[in-house]
Structures are given as C-alpha cells and as structure tokens.
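Below are two complexes that have chain A in common, paired first with chain B and then with chain C.
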Partner chain A sequence: MLQGNDGPVPASWMASDFDAYPQQGRSYVVDIPHRHKYRMGSCGIAGCINTDGSMISGSKIEKMITTMGERENGLGAGFVCYGLFPDYADEYCLQVLYESDQSRAGLEEYLSDRAYIIKDEKVKTVAVPTMKPPFPLVWRYFIRPKTNTESFWRKGLDEEDYMVHMVMQINQADNGAFCVSSGKNMAVFKGSGYAKEIAQFYDIGRYKGNMWLSHSRFPTNSPGWWAGSHPISILDWSICHNGEITSYGVNKKLVEMAGYKCSLLTDSEVITYLWDLLVRRHGLPIPAASFAMAPWYYKDIDRLDEQLRQLALQLRITYKEAFLNGPFSILVGRSEPNVTMIALADRKKLRPLVMGVSEDGNSVFAASEECAIKAVQKDAETWAPKAGNPVVVRLGEGIVRRGTEAPFQGVRL
Partner chain B sequence: MASKKHNEVVIDVDERNELGHPLDYRELNEKIRGCISSGMEKVILKGVTGQRYIASAMDDPDVKIDIHGTPGNDLGAFLNGGTIEVFGNAQDVTGNTMNDGRIIVHGNSWDITGLAARGGTILIRGNSGYRVGIHMKEFNGSGPRLVIGGSVHDYLGEYMAGGTIAILGIGMEEDVSPVGLSVGTGMHGGRIFVRGAVEEHQLGTAAHVLPLTDEDWEELQSMIEEFEHAFGLKPSRCRDDYVKVGPLDSRPFRGHYDKTNI
Partner chain C sequence: MSVQTVVRLPEKYRPVVDHELCLRCKKCVRACSYEVLEFKDDRIRPKPGCVACLRCVYECPAQCITVKEMEPQFAHHAVFDPVLRRSIIAQSNSGGVLLSSCGANVEYMDIFSHLLLDAAQVTNPSIDPLREPVETRTYLGRRPGKVTVTDDGRIDLQSSSTPLVVMDMPIMIGHISLGSISYNAQAALFQAASELNIVAGTGEGGLHADFYKHSKNLCAEVASGRFGVTSHYLKEVSSVEIKIGQGAKPGHGGHLPGEKVQELVSQTRMIPLGTDALSPYPHHDIYSIEDLQQLISVLKESTEYQVPVGVKIAAVHNVGAIASGIVRAGADFITVDGLRGGTGSAPRVIRDHAGMPIEIAISAVDQRLQEEGLRDKVTLCASGSIRSAADMIKCIALGADVVGVCTAAMIAMGCTVCQQCHRGMCTWGIATQRQDLVGRLQTPVAAQRVVNLFRAWNEELKEMLGAMGIDSVESLVGNRDRLRYIGPNPRIAEILGVKHSGEGWG
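Up next is the complex of A and B:
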C-alpha cells in the first residue's frame, strides 16, 4: 500500500535496475499476443474533432481506428475523449487502473489526504471473451486538490504541478494502481488488446465528446501492457504516437530534471511530458514548441529572415534536449484553454499523417491512413501536413493551422 | 470494346471482420487473381478501404483493375503488367518496385510514390508527398516513368539510378517551386523534369540543374501527352517552363569510400 508521505523514491526503483521496475510481474502485463500471428504492422493513430461544439460518439472513432486493421497486432489500443464531463468540467478527473480492491483502498487513502474527492464511480467495463484476463478494475475520481494543507504548500507548487506530482507518485509506486488520465473534462480509455476489443471493454459507444483521439499499437521496443498503451496522458494533455524516439535518453533527462518520472516503459511517454513542460509550464506557443521538438536543419534555418532565424536558433539551443530524434507522427490533445487537436510529424516525415475536413468544415480528422478518414466521412477533403509542421484545430475556432504554413506563422514575436 | 463487356466483374469489398478490420488484402488479392485466371479482363473494386498490396505482382498486360474507395499502401507492388486506375486518392508507397504496367490515380498519392520502380508508368493527377520516386532504376533501355500533376515535398528522386520523373506543377503559382528540399540527393542516373524553378538550396548532394536536351524534351512531351490523355488536363507545353535535374556523374561519391584510406 502506498504510504501517506512524500519520501524519496527507494533506490530499488531506479530505472538502471530493470528487474526492479515497479511494473515487473504485474498480472495484467501482456507479454504475448493472445492470438499471435506475425504480421508486419505499425502503430495507427486517428482523431476527430467537431469544431462547432457538437458531440461525437465513441463508435465513430472506433470505426476510424479499426479501419486501419493492417497496422495493429493486438498489443494495445486506447481512446481519449474531450468534452466528456460538462457537469464536472472544473474538477480534475483521475481515471485509474487497479489490480485489486486492496490497491484501490490504498490509493483512495492517499488521495483523500491530498484532495477533495467530489465524486467517484466505477467505470463500466465488459469482460470481452477474446481478451486475456485478468482485467484491471477501472475507477474514476473527480477531485479538487487540497491547497490548504502543509503537504501542498511545502512543495511550493501550483495546483497543476501538484497534480502532476501526485500522478508521478502514484505511477512510480508499487501500489497496484496506474493513473492513466488526470485532466479536466477528459478521460483516457486504454488497455492491451485490439482496438475493437478495447472499445468493447469500455463500451466506448456510450461516451460522447467534442474530440476523440485514438491509437492502435504495434509495439516495437517496449512491452505491450495496459498502462503503457496510448494515449499517454498527464493533466489535460494526451498523446497518441506512431514511431520511435531514438533520442529517448536525452529527452528523459530533460523531463526528469523538471520533475517528471518516466514509469510507463515506453519512449512515447516523454513526448507527453515535453508538451506539458514546453507549452503549459514554459508558455511556448504551439508552433514554437513543435519547432523545438522537430527543428529544421541549421542550413535551412540560415535561409530564414533574421528575426525568425534568431528565434529558430534560440529554440534549437535552448531546447536541444527537447529535440525528438527519430521517426514519429503524433496526435496531441488538450482541453485547456479550449479543446485542441495538434497533429505533428517528424522533420523528415518518416511516419504517415493525413488530415481531412468535412464539406461543411465542422468536422476535422487526422489519421495514419486516408482510409480511416474516408470510412467515416466520405466527402472529406484530405491533405497532408508538411514535415515538422503542426496542424492545430480548436473548438470554436476551426482549423488554426493546416501544417503547410511557414514556421512560426501566427506567433507574436 | 463493348463486346468484351461480359469480361467485366465487380467485387464489392465492403465487409468487416469481428475485429472491425476491413476485408483482408490476401482474400481480396485471391479474388482478383481468381477473376483474372477465369478470363476477366476488367475487375472493378468497390468500397475499397485501405487494403494493401492490391493487384501486386499482376502480370497480365490486358487486365485492367478499377478501384473505387481508398486503396491501401503498396498499391500494385511488384506490378509486372496491366493497368490499375484509382478513382480517388491512393495512400503511401504506390507502385512499390513495379516492373511494368500502368498505375493511374485520379487524385493524390501520398508519400513514397514509385519507390524503387524499375519500369512501367505511374500517373498522378494531383499531388504526392515525401520521398517520391526514390531508388528508381533503369536497365537495358527500359525504365520507369512517373508523372505528378501537382507538387511534391522533400527528397524527390533520392538515390535515383534511372528512370524519369516529371513534376508538372499544375495549379501552382508561378514563383512557387512544385518540389521541396533535397531533390535528387545521391542520384547517379535518371532525370527529373520540374515545371518552374528549382533553387540551388533545393538540390541535394550530387544533383544538378542541367540543360534540357532535344531528346529530353521529346521524352517529356510524350509523358505530358500520356498525362493529358489520362486526365484531360493541359499542363504547360512551353519548353522554357521546365528545368531538368540530373547527376553530373554516374558515381557521385567516387573517392568518398576509398579503402586504401583506411
């Protein structure tokens, strides 16, 4: 059971000792696909947002992600929904995977020391016959951190950083609990299985939101397991990632120095923390943060106008440890200050990313493959964003960037 | 042609399995092969939803495959004959390592179109993406021909060893180049024709802007003609509008890997 204090992390949990990973030996770690049939694949990502504020059913995103069946191999899938809890929009929603009732009791004790639990409920799950048990117990908490306690003010953190700290502690500890999402007005539904199975497990069609992102996994360099599936989320950020971060070590160092703890056994985790660090904590505009993660070559930077050249150089120098080297295409979700979808591919476009918009302009889609967009919106006009160039779509504003603009366009210098 | 109407078959692909996946490409390709071996000359696919490797390794020169919907990656991989026509967009790696035959796309084809093609023709009405026509090669007078009606992004014709690419820049503004950066990096054969300018900084190592010879112009005209015929579009026929990019040398990296240097 997790202790009610904030002592140092025991040395035996340090990442250098693989055997000592807290997740090692967890019963719901899946190591072999239950119906294994080797097939060349790759991760699939899909997202959709209605910028006019109308709601999207979970079955729509389910159709998008399962359409790219060629890409997944049953080792993980997940969904994130934004605009999901309008009645509790001001509370942080923790969605937690538990190993047992005992681990739930432990975490609830930990939580009640640090936060007011406004409401908690069991998340509906269905034992899908084709999936490999045991299944985690999934619980949801709407909480408000207690900002009047000694534990809070001694840390000198603001409310959001305090939430990050709590989530890091929960996920680091050997407590049989994994907090998979912790943002306002959003929740993550993920696990180990095919996208269709995970959709059935959470009965995803019962949820409606303004924006959905989803992921189907083909793990290459990390185990397929429940908490390590995508989307990977902290606060209101969530990331679906297709690719490999070869600069993981350097990126991990940067986020760990900023207080984040990498505990999900996957390179994609650092991307989530980088977005939180660069945009929420450092206040970088989205195009600048994207440039830091997928920068231009120096020889290309030299062709920019002097002011932009200086900005680009400063970003490269200041955030050299935020540079994500390796192939990736990512979908990033956020609900603060408004529900936003960001789509970004690496600077050489080594992973696929296609965008689409419905004829009326209200529904915007992103996917690894065009077939996923056309499967739900036949009339969609599709386009491909450029390498390292973020697409930004926001509720109420529509398509803010198409990913084909000049770097820093729209950024106030 | 009307007499051959009975040699036509329609396959509706619109089905999903228990995991929500569209029809498996193996099953689809088996159906297509079955139709061809039973004498069908035209196979019309409807409701295609991302199935990969459609009509791969087909080698009957008289067969035509029409695709409605969105074909998946590696469309017509190892194609050795026949025609594939897509009434919409294609995805990545269209015509992977194709040897002969034709692929016509009435829309866009995304990244890596024509990867390592060794022969045949690919015509794309709209745009394509990154790494178009990389590793193309030619042999004994036969080589691939790739025509893109609109524009492409970076790494066009990277490591190209042979064949011809034409980027027609239809609908592009005069001062905007229809190609991206690193054009022809490491190329040591073949030629790339681009309508509009290719600046020095767009050229990759080993690629150079070269004069357009009469022979080049003749080849380019025949490619434009084929494009016009397929789509009814009218790209520029003015010779001065086009730039040729090619290698100066068939071994641009000669001396870079001198084993006596070690």
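Up next is the complex of A and C:
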C-alpha cells in the first residue's frame, strides 16, 4: 500500500489561495479544479520510434499530430519524449507545472526532504500569442530518492513505489504544483491549447529523443486545466488515450486497492496505473497484460488449446477489474528495460489505430489516422493491428509484435 | 383452569362467487387446503380464513371466483393501525411468537426504486446485444489477486489456480431446502439450474438421491443442523456454502415441524420420521471467527480443495467488517442476504425488524473489501428481494458479482406470495409435503417457467449493459459511476457511494 502519513508537508501547500494571478482570482491551471472531476472526449494520438537508436526531432511528432487537426478542439494537447536525457539516464526526472514561485518553494522544500536533487532547471517556454493566459511555470528536477531516511523505510516501499507515492502526494495536495512526469530518461510536455500551440509553447523542436508519443484532445467539457491533458504519466510510463472507458468505476477499484490515488479522475489515469500495476509490479509480459485489459470473448477463449485456454481464463478472471470496457485506442510508452512503444485498441476496435514502418525498417509509427504517418514518412508501409492485439516496438529490437499475432505469442508458460 | 381466550379476528380476504355463473363443480372446495370453501344448500359458501392464495381462482372452470381484500373494519386510528391491532389480538389469543413466511412485509425503504441507471450517448457507442456479443458468464469462487510470474518471466498457471464454478448468467437460485418445499418443486428448481447452467442452492438438509444428477449445478448448504451433510455429498456438488444467517431472520436458526418430516425428508436429512428438525441458532462449533476458519478448512480438506467454499450471512449493521473477517478466514465467496429476503418460516418480529436492506449491505461490503484490498479475492453474492432484472442490474452495480433469487423463482412456479409457507398447506404444492397437494406442481412445467424467467432477465441484463456501452457483465460489478440516486434521502446516496441524479461525471 502506498498510503500513509508521510511526515511534514509544507504549510504553504495548505494555503487555499496563491495570489499568483490576481486578475483572475483562483486559477486552476495547475491544481485540480474543485468541481472538475472527470474529463472525457475524443482525441488524436500519434507516436514514432527509431529502433536503431537514432534521434527524432520534436518537429516530426508535431507534424504528425497537427496533421490530424480534425481530432482536436484546442482544449488540450501534449507530447512525451523518451531517450531525452542520456546524461541523467539514472535519475528520475520530475517535470513540474507551477502556479507561482511560492508553490515552487513549497515543493522544493518537500522534495529536498525526500530526495537528492542532482540538478534542476527551468524548462524553456515561449509566449504564444494565440494561447489564453495564465501560463504555468515549468521546472525540471533530476532526483534520486533518499532511501536512508526514516520516511522511506517506514513505508516499506521499494524505490519505484516510493516515487509513485511521492508523485501521488504532490498531485493530490492543493499546492499549486503538479508533477506531469517522473520517469527516467523521459519527460512530458503538455498543456491546454491546440497541439500546434503546445508545441510552440515548449519549443518542442529543440528536443530530440528515440521515441515520441503525442496526443491532441477534443474534450467534451471545460478547458483550462493544464495537468489534465495527455500524456498521463507515472514513473517511466506514459499513456496517450483516445476513447471512453465504460468500466471506469471498476478499474478504479483495482488500482485504488493497489494503493494508487486517482487524483485526475480520468479514465486515462486509471489506464496508466493499470499498466504500472500489471507489468511492473505483477511482472506480466506485455501480451498477457494487454489480454487482461482487452480480453477475448469467452466463446473465443473456449476454442483455444487447453493450456492457452487456462492462461486466458486465469488472466480474464483474475484481472476482471483490469478489463477496459468501451472504445479506446492507446499508445503506451516506457523506458525500462528499454525504450518501448505499445499500441493497443479495444477488443471491438471501436477507435482507430494505424501502424507504419519506414522502408529501412528503422522508424515505426502509430497514429489514429494514416495521414499522420504519411505526412512524415511517405514511403511508410502501413498496417492495421487487430482488435485487442498489442503492437510492441522496442529500441534495439525493432517490431516485437505487429498486433496481428496469436494472443500469447511470446508468453512463456 | 383454562379460560377461553380466543377472539375472532376480522377477515382480511374473502372469496366471492358469482352464483349465476357457478357450475357447482366443487373444484374450488378441493382446491382450498385452508378449508375456506364449502358447498352447502346448492351454493359455494366461504368461511373465514382465506389467505388470498388464489388457487381456487386458478382452478375454477367458470372463472366466477374473485378474492376480495376486505376494507379494514377497525375504527380509524393513526398510531394503532389495523395491522398492529390484528397482531396484538392474535398474540393475546395464543400467547405465542407470531410466525410468518416470505420476506419482510413492512415498507422499509426500497432503495432499488430510488436508483437510476446510465446509458451511453455520443462519446461512446451503445451496443445492440442482438448484433454483437454481450457477455454474462460469471465465475464463482476465490480469485488469486494476481497471476503468478516466476523470476525468469514465465507465467505459472498452477500456483494461482483456484477452484471456480462457471455460470452462464450472474444469477444463483437461492437455498430452499427439501422439506420447506416439496420434492417436485425442488426438482424443478434444480432442473432449471442445470438447463440454464447456473447454480442452485440445496438448502439445509442434504440432497435427495434423485438429485445427484444435477450436482454440478448445485451449491450444498452446511447449516447449523448439519442435516444430511456427508463427505460424499460435499464432493459431488459444485460448491459448498456455510450458512451462518439468513436475511429474513438474522440470528435465528431453522425449524422444520415434524409433520413435514415424512419418509422423503427423513431419509434425506437422515433423521427419524416425524421428528422436528431443529437447526440451532448459532453453529455450536462456531462461536468466533477462528472457529469459522476451522470449519472452512475442514470443508476444504474434505472436498480436497476441488470446490469453492463460501459463507452466507444475514445483512446486519456491521456486515462490512464481518465480511472482511470471513474473507480472511478463507471463504471463497460470500453471500449477503438482505432484510427483505424470503423464508419458509420466521418469527414476524425478526423478519420485519432486524437487519438491513440488501442495497446498503452489498454496497457496504463491496466498499469495505475494497478498502482492505480484498475485493479482488472473493466473489460476492447478494440476495434478499431481487425482484426483477432491474434490481439485479442495480445490485451488480452496487458491488455484487452474482445475485441470489428465491421468491421470483417460486412465483414462476406458481407461488402467489400468500405468506403461509410456515403452515405447510401450500395450495400450489410448493411449500408443503402433503401428499394430496404436492402433485399440483408439475416439475417439467415449473422448471420451464423458471428457465423462461431467468432467460428473460438475462436478456434484459444484456440490453441494459449494451445501452451502457458495456459488453461484459464484470465491467458493471461495483461500477457505481453508472448509478444515480433519485430518492428522498441523499444521505443514502452518500452511504452507497452513488451520486445524485443531475450530478455529471465532474
């Protein structure tokens, strides 16, 4: 369990009102708006990875996502880059949105009690005239958790779970600070605006990495909350999600039992924690975890060979709360053990998902629409992964699964 | 010296015959086991004591009988209503505990009617179950919480496998013992369970030799009397349930009067003919949770860990904590039986005044088990007045994996809920052992009617799931997001963890 009393939390976090934007009263750019609990809608997703380890510029992913302009309405977009900090690859990189300098001071006090801050820097942001203020202050920390403190051992958590706990605590407090990503060798850049604007705001073209995922949204509710945009991230996991999970209440139960706190209250957040729980904590191979989230129908399971049928049934029954019902397509990023992209659609494939690979086989793409792929790689050979069948692409290994294989190919019994 | 204390009560119901139409066939006289009707002076004449079981109405070829509910004849009084006055008079007559049957007959808040379901619009597509699969398969038993993965990344199927019972719909026919109902009635319920591929409870009192053919669809009840419980029996059935309590009479045992213990029942229960079958209030080997743990282990040992072992409790105020103890004691499934649940015989004071409604109970258990990280280990079954597919769906959304149904299945077989089961004279041949009455229930017909009923409920479940954009029932279990409250007391909504109607998702 990750809950528990965690020693001193800076008093400034409890302040109800940071006077950061006096012209507007309380803004909810960073903290969770109080009456704002659930965001849903339709979206565009795109991703690209160079499996030979060569770098991809942010402008390429920007091109991909903005090609699908139909899929967004200016209420949120974001990017995540993997393989971004080779010099700090062993440190957790916290990318934080702040409402004010005061909230920054509060969080830094909290952090320095719990972690060694190896390096911190302001993330470059650029004024974009078309975007609506206020804008958050964005900061980046490379940290190593202090594992020799009482606060650490009293929780009985390993280092990664301790990081999860810290991020949950930061994001739950009404503290004017929101940690948008916390993994190694990766960072999330997101906010409220069109994908084009968010790309400009972060000057996304200045970053290079082995893999990018991005998201643009068409939410059906209110704008303005930067932290609520995608990708949603915890540790090195990040999720770009298009869809609406009709089983949200059930999935939430499972992740909450495992100690995660659903502070964003979006279905996408729950998906992120499910991946962390099933793959990192329970050790499931990716095809098995995907099967738990998008299981076959029983009538199809019953046709499998006995051993595979047993496996399928055990996954489906044991993880029935992990079953993501309703339409979705998701892109999942991870940096450990190696930079990996996973693409998965629901078991009926009610949301689009297209894959593409360059002629030389080194660049692999995923998107809601084929046009996003062709816009950056004219010669790409494209294919459609099957419903509920995961695509796995890994740095150094190439395409591990195309999303057309038998369900448990690659799972050892 | 004995004094004559009995005072006659005003009639509640009276059969009224249209003598113009009456054929004077006297079928109704034979139909009424309560001996309300007699044929005298060329006319059918009613005596007092009609219970409105409607058997005479059903049998009358001329359709000339109607049963009239009598106006309360007492002078109006707002506090001492007629029901209270009748009970007081009845008790002054007999000096005894008032017995009754079926579920609570008091208008305790029916919360199901204050809950509304959600449906999909625009942002996610609804599903037509006639075109696309909507799954209702449900498993009963313990779940391991996680699939075991070895250090070298292999999935170890062996070490996380548990005994499970598969059911084609999330419905279980509750425990109704042979004794409380007739052989034919129990045969019909078991046959229906086999045909539907669901589970039916045996009730207390063992299993008749003829019913072993249905054993794969049966859940054996181990109640405090332990009647008919042998290791052979336990090994044959699909699951075993320890009955601690029953919603209609929490804290109470069972009493099958000697008249009902005839040849058939005596053999099955393994007790002498004509003796009262008394099940103690508590199990006399369970005075604490540790004792329950031991009984669970004993039952698991004696069934060689091949069948899930569950525990049934009545919904009482601390039901959440009790359920969590039961999971820790090793139960594979828990049945929570609500206040309005049925019974073949119970003191009216308990039936109507102890416990809590199933809506609140199942929700409390689901939430408590979740808080303690145990909800993904057990199957939860909720029973106690699940009257329709709507109740079933709402109950699932409040946290039940499976619902237990008794009264509705009895109604399908002919029961009219006249609440006289405890008298053993059921005119429909259900809650009786009288040789002249049991033949009235024809097993194949009754079985088919139960099958029809639950097939219809399951179709309605699929329709509703589809409308919510959910294509498998497990994604509704405890999914309170898809429920809203619209009743008079928002505090109930809070306790259920359900938002008020009009509140969106954010």
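By definition in this document, the second predicted complex is superposed on the first by the 367 of 413 C-alpha atoms of A that agree within 3 Å, B and C clash if a C-alpha of one lies under 4 Å from a C-alpha of the other, contacts with A are read in each partner's own complex, and residues count from 1 in each chain.
Keep this in mind: contacts are C-beta pairs under 8 Å (C-beta built on N, C-alpha and C of every residue); 3 or more make two chains touch, one makes a residue touch a chain.
It should be emphasised that the depicted structure is a prediction, and the values quoted were computed from it without experimental measurement.
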| message | Quick one: is A:206 in contact with chain B, with chain C, with both, or with neither? Answer first, second, both or neither. | response | neither
| said: With both complexes superposed on chain A, which partner does A:122 reach: first (chain B), second (chain C), both or neither? | reply: neither
| For A:196, is the partner it touches chain B (first), chain C (second), both, or none of the two (neither)? | first
| message | Just checking: does A:370 make contact with chain B only, chain C only, both, or neither of them? Give me first, second, both or neither. | response | first
| query | Of the partners chain B and chain C, which touch A:70 in the superposed model: first, second, both, neither? | reply | first
| task | Using the superposition described at the top, determine whether chain B or chain C touches more residues of chain A. | result | C
| said: Taking the superposition on A as described, I'd like to know which of chain B and chain C A:348 touches: first, second, both or neither. | reply: both
| message | Output check: A:386 vs chain B and chain C. Expected answer is one of first, second, both, neither. What do you get? | response | first
| field | Overlap of chain C and chain B interfaces on chain A (superposed complexes) | value | 299, 348
| Complex interface listing, chain C residues touching chain A | 120, 122-125, 132-133, 135, 137, 139, 143-147, 149, 153-155, 157, 160-161, 164, 370, 373, 375-376, 468-472, 474-482, 504-506
| query | So in the complex, which bits of chain A are touching chain C? | reply | 1, 35-42, 220-221, 243-244, 246-250, 253-254, 256-258, 265, 282-285, 288, 297-299, 307, 310-311, 314-315, 317-321, 323, 325-327, 347-348, 350, 411-413
| task | Note which residues of chain A are touching chain B in the complex, please. | result | 62-63, 66-70, 130, 194-197, 199, 299-300, 303, 348-349, 352, 354, 369-372, 374-375, 382, 384, 386-387
| What does chain B use to touch chain A in their complex? | 16-22, 25, 49-52, 69-70, 72-73, 88-89, 91-92, 108, 110-111, 127, 129-130, 153-155, 181, 201
